[in-house]
């Protein structure tokens, strides 16, 4: 649970649609950016890294929902554009396993894609600042921060769309009205409670994912530095 | 997330849904998910879930395993439910049932349809790089799963994953993942070579199997349409109408009868133990 | 015989600085010839095959396959070459057997009907029609090899390059595969270049054998009989001769002079003849 997969049906249709639109635009941008690389060079790379992320998700570290995602590793190895495409493929595939909603693949791609993209840029920044002295700390910190930021983006999505969650109650009981749902929204009970829950549950996942990211990057740097520092290739 | 089991069920199952075309089942799943999205009625959602359980039984696959796979989003749905808690168990139930039903619809689709067939059906609406990526991800996944299996076994046999030594375990496990990544990237170089040698020009798949539309397709689409129709009707007529009760009663009866007919007499032990 | 593959003083340098030099003798393959490369692990057999397939660029020397330099113009000859690389599991990239076997014709732009006909033909020839809708990871080792081979043979290549095709398959399947390759060679005139560690298969599949020693040195060239008679060269290349070769060499040490036979039938015949001859000699004496 380093990040949350939003399930189907809990968010309003407009935000779900907006998620798809933004993802489609970002995908178009990424595809344009990598168009100079030949298809037969990038397709195997995307395939392998996407498969690796899914394999990571099948390995549960702490039972019930704590698994690794390797999104930051994907960002570091693939670079931001290919990593974002890879994240979309992973989200599409895992939605078929019931692992995250299918209608919210767009939103989940933005959130998890942000993790990979931010992970890449933060890692580059730390490398710049700290040199290549400690790959473990540079990649761990990049992973931790990008997980924190992607969770914040997810909370941002929830923040702008709480009326649906709040409105379910009165629709079911049949007693409320829109004002009832509005009251919940105005009180901010839903959002703050939700944010608290997420910030209580997530850090354990962030720490695990960061440590594993750091160790993986450190290992790969030792055996194949060209994969982490392409300039050495 | 037992990817291998899901793939095995899809490729080796023999139910009416396995006999239907991928596109028909995608339409079915789409209609169910649309019903889940538009509906906030607890009773309707419960009826939809019962209906899906009935269909899961009729796939003649291990039902408990399918339901467990599809239950994963419930964890996240519970967090959403807790956040919007207003004292009513029913409203929390709506959130959880929405997640469970949508997920079960997708899992029913994927345990009865091999992934390549699903990809071939959605190929026309996706950019080439994504579809080619999907096909190669699928192929790589099973190569990597085999490597992972060997890796975990190797770590266990050599004492790399020992009970009680958690920090050491995490370090060894991470090195294993690192090794997997390096092997994976070698594999991608290998795939690149193969694509080169075999003249790749942008078409990994042959466009899927050419199957005829039959009664199984009709059945899958009709079930989807019935569920969606009921959702529309109930949405139009408001909460707790007579339609809610009817739908719930029918779906519950179908579930009990199916369980009695399919699961209990023949495969009780086998199906539920798996 | 027209030479379709020629290499001369070819060299290759790995990124870590290790160098291979395929010198010693010229390496050539004639049209319709069956060539087997033997050598210890790390001698450079797979590297040489990758060089022939244009997957690697030589650091020195000359290489010519079907009239072109594959490192520069492989595109021109790609449709005339079929290849089965080491560890066939990683060569099957399409999601289903039919997709994989039809991979090359589809990507070369063959018409749909033509592709279907070619695929049906090759599946029938290899007796794997029943596998066409299967996904690769549910196939056995032998089935995967056949599928990989079908993918390589579907376009009826003039040259077939096989890197250790007998790995991970049982003896029955191996025998079947050898028969099949010989049939393809005979019917289509396809030249075959194959690397293997399985000595007993060599006499059944080779017209010419090349011995590759460490560092890529081409230490020997000849028919299987000629090669397996050169016990010293074989041991220099860390190659154990096939069991029948060893038998005849042991008999020679015991003072029994017989022509080396490398197939069971041939050996049985030679030994029986020798026994009859010696009986007659004893009778006459």
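A, B and C are the chain letters, set down in written order, and residue numbers restart from 1 in every chain.
Here, a contact is a pair of C-beta atoms (placed from the backbone, for glycine too) under 8 Å apart; a residue touches a chain by one contact, two chains touch by 3 or more.
Model, not experiment: these values are computed from the prediction.
Engineer: Quick check of your reading of the touch definition: is the inter-chain graph here a line, ring, star, complete or other?
Structural biologist: Topology of the interface graph: linear, an open chain of contacts.
Engineer: Give the identifier of the chain nearest to the protein's overall CA centre, each chain being represented by its own CA mean.
Structural biologist: Minimum centroid-to-centroid distance belongs to B.
Engineer: Measuring centre to centre, with centres taken as mean CA positions, what chain is farthest from chain A?
Structural biologist: Comparing chain centres, C lies farthest from chain A.
Engineer: Determine the centre-to-centre distance between chain A and chain C, using the mean Cα coordinates as centres, and give it in whole Å.
Structural biologist: Whole-Å distance between the two chain centres: 48.
Engineer: Using mean C-alpha positions as chain centres, tell me how far chain A is from chain B in Å, no decimals.
Structural biologist: 20
Engineer: Using CA atom averages as chain centres, what separation in Å is found between chain B and chain C?
Structural biologist: Those two chain centres are 44 Å apart.
Engineer: Could you tell me which residues belong to chain B and also touch two or more other chains?
Structural biologist: 115, 135-136, 138-139, 143, 187, 191, 195-196, 200, 202, 204 - these are the residues of chain B that touch more than one other chain.
Engineer: Among all residues of chain C, which ones touch two or more of the remaining chains?
Structural biologist: In chain C, no residue touches at least two other chains, as defined above.
Engineer: Which residues of chain B touch chain C in their complex?
Structural biologist: Interface residues on the chain B side: 7, 11, 114-116, 119, 135-136, 138-139, 142-143, 146, 187, 190-191, 193-206, 209.
Engineer: Write out the stretch or stretches of chain B touching chain A in their complex.
Structural biologist: It is residues 1-3, 6, 29, 33, 36-37, 40-42, 69-73, 75-77, 79-80, 82-86, 88, 90-91, 94-95, 98-99, 102-104, 106-107, 109-110, 115, 118, 127-130, 132-141, 143-145, 148, 170-171, 173-175, 177-182, 184-185, 187-189, 191-192, 195-196, 200, 202, 204, 238-240 of chain B that touch chain A.
Engineer: Could you list, by residue number, the parts of chain A that touch chain B in their complex?
Structural biologist: Per the touch definition, chain A meets chain B at residues 1, 4-10, 13, 16, 27, 31, 34, 39-52, 54-59, 61, 64-65, 68, 70, 73, 77, 85-86, 88-90, 92-103, 162, 165-169, 171-174, 184, 190-191, 193-194, 197-198, 201, 208, 211-212, 214-220, 223-224, 227.
Engineer: State the interface residues of chain C toward chain B in the complex, per the touch definition above.
Structural biologist: 50, 53-55, 74, 78-79, 81, 83, 85, 89-96, 98-99, 102-104, 106-109, 133-138, 151
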